[in-house]
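Next, two complexes with chain A in common: one pairs it with chain B, the other with chain C.
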Partner chain A sequence: MNLYRPELKRFRFLRWFDFRSWRLGMLAYILNRVTAIGLVVYLYLHLAVLFLLAQGPSGWDPFIQIARTPWFLMLDVILLAGLLIHGLNGLRVALTGFGYGVRSQKPLFIALMIFAAIVLAVGVFKMFMG
Partner chain B sequence: MSLQVTLKILRSRPHQEQRYDTFDVTVPDAANVLDAIEQAWAHHDRDLMFRHACHHASCGTCAVRINGREKLPCIAPVKDYDGGEIKIEPLRNFPIVGDLVVDVAPFFQNQEASDFIITRPTENELDGKAIAHTQGLDPESAPTVPFNRFENCVECGICLSACPTMSADYKFFGPAGLAAIKRQLDKTTDANEREKLLHLADDEHGVWRCHSAWECTEACPQSVFPAESIMALRKEINAQRFKKFFRL
Partner chain C sequence: MKNKKSSWGWFWQSVTGILLILLVGLHMIAHHFVAEGGIRDFQQVIAYLSNPIIILTELAFLISVTVHAMLGMRSILFDLGLSPQWERVVTYGVVVIGGLTVLYGFWLTYAILAQGSAPTAFLFR
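Right after this comes the complex of A and B.
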């Protein structure tokens, strides 16, 4: 008597991104998924870029010119943000997952994200001003 | 004083397209959403399927989603919705029987798997099978650490509906089922029983499937804290593995 239509079942993973509740735990859950997908995409892009090395200076030098432009540096900022959010939130998930800090999962998330924001700000400063 | 309210209810029947029907109803100022649903049924559409029993949050039968969030409509005041339209849908992650009624059989099967069944003393069987009665907590064998009485659980299924992991894996044992295992574990010091319960939880569709969204704990109307129980079970399973590995 299951009335869920098959096509809906196929897309039910979209509920992972359902932040209707606006609760911190769910927000952290969504952020971890989005950053994880972003980091996997980055890994493949990184491999593709490294492939340019095999072409020698003629392939690599023009790429380095592009990599120094502010627009490209913005991508680095997004990457750093993804790494910090995923890594630090992952630490929280691992800790609570082993039964530690369970009752303080929300303050833990807030504290780690504040730390991530500080490191990101320093990173941005170094990237653009350093 | 009375309130005018528009209910937008998801209607479903087997082999029919789902649709939303709207009902304008008038309810007393102090009414809850369940009262408004009853008005819609009484004055507009006797075909409307919904379920309820106690009217005071102790049976968990009426659970639905109100404006997207899992609630017990029997304790959700209409006036909290500011006179606007109230969207009412059945719980997610359960097969729909019709309109607001879902099939809760899978939920109760999981509760039963941990031997956590509350029955009247006169009932000795369930579905034709003999059952042992859930024993009350023995103060002698109770652990010294405080724990939540799982009996707080009204078996409403709200935690299963709120859980995003449940959406992706229907075999997931679910927050309430895992909380029931934890409750049973707290109750016993018998090594075999504990081994059996931890084995039940230690499964790819058990505690390890949870991805820590904490929605179950947030949505639970009875402060059962199912997510915390899942984490506590993991801790116990890891401790057991550690001891086995080092032969402690």
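Right after this comes the complex of A and C.
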């Protein structure tokens, strides 16, 4: 099925929620977009929180205690997962866009997501145990 | 088939994306995995930012992540099937928001360095 028909241009994003089209390629596309929106929200939250640093130790150091709580670390786990999925999936998109690995997109996607899961597991272990 | 307008966006999206894999990796490792307890206190942040190479790396990260984020948001908004006029509004909008974000980041870096009397504050004068 050709998902890029011109008549579907308007409200193309509705395809994200069409479960019938959730083949591996579409899943990769949806993951890329959803993690992108999450990471942009995080970017601006991060820039806002860093304003505390401009207030010196009295502004920043109390925040450190909050940042080291397990609930806050859970948010870091979500961030790391989002970065790994978006970054590695995006690497595949860039490589195929430049003409590399076009025929092996699916195994490449699966391999990169397995690698993302391994790095995430190591990262979570380091965050909570290291 | 991509048209000419979307091609430059896609190209820079890819270039900044590949750059960000290195810069985000470095940022996460340096700030959250090397730092004791996963986060630096104020004095440790100032000591870290006293190296001019670190400042330049962080500013390169700021610019890359902002360009990548703005091009990405533009692409997602274009998926709504906007009219050419609204596509222009979105393009100008992301340029303005991206520019303000980078300016804020530069100001914030200077404000942090000045607050901690870091020797690298001179880079912004």
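As a convention for this text, the second predicted complex is superposed on the first by the 113 of 130 C-alpha atoms of A that agree within 3 Å, B and C clash if a C-alpha of one lies under 4 Å from a C-alpha of the other, contacts with A are read in each partner's own complex, and residues count from 1 in each chain.
The rule is short, and it goes like this: a contact is a pair of C-beta atoms (placed from the backbone, for glycine too) under 8 Å apart; a residue touches a chain by one contact, two chains touch by 3 or more.
Since we're looking at a predicted model, the values are computed, not measured.
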Pick one for A:G56: touches chain B only (first), chain C only (second), both, or neither. second
Does the superposition put A:M127 against chain B (first), chain C (second), both, or neither? second
Which of the two partners, first being chain B and second being chain C, lies in contact with A:L83: first, second, both, or neither? second
Between chain B and chain C, the one with more contact residues on chain A is chain C
Let me test your reading of the model: by the given contact rule, A:L39 touches which partner, first (chain B), second (chain C), both or neither? second
Tell me the contact category for A:G97 with respect to chain B and chain C: first, second, both or neither. both
In the overlay, answer first, second, both or neither for which of chain B and chain C A:R68 touches. second
Touching partner for A:M26 - first (chain B), second (chain C), both, neither: first
From the superposed pair, tell me which chain A residues show up as contacts to chain B and also as contacts to chain C. 12-13, 93, 97-98
Please name which positions on chain B make contact with chain A in the complex. 12, 14, 18, 68-69, 92, 95-97, 103, 162, 164, 167-168, 211-215, 217-219, 227-228, 231-232, 234-236, 238
Chain A contacts chain B in the complex at 1-4, 12-13, 15-16, 18, 20-21, 23-26, 28-29, 32, 93, 96-100, 102-103, 105
Chain A partner contacts - residues on chain C that touch it in the complex: 10, 14, 17-18, 20-21, 24, 28, 32-33, 37-39, 41-43, 45, 65, 69, 72-73, 76, 79-81, 101, 104-105, 108, 111-112, 115-116
Chain A - residues contacting chain C, complex: 9-13, 33, 36-37, 39-40, 43-44, 47, 50-51, 53-57, 60-61, 64, 67-68, 73, 76, 80, 83, 87, 90-91, 93-94, 97-98, 123, 126-127, 130
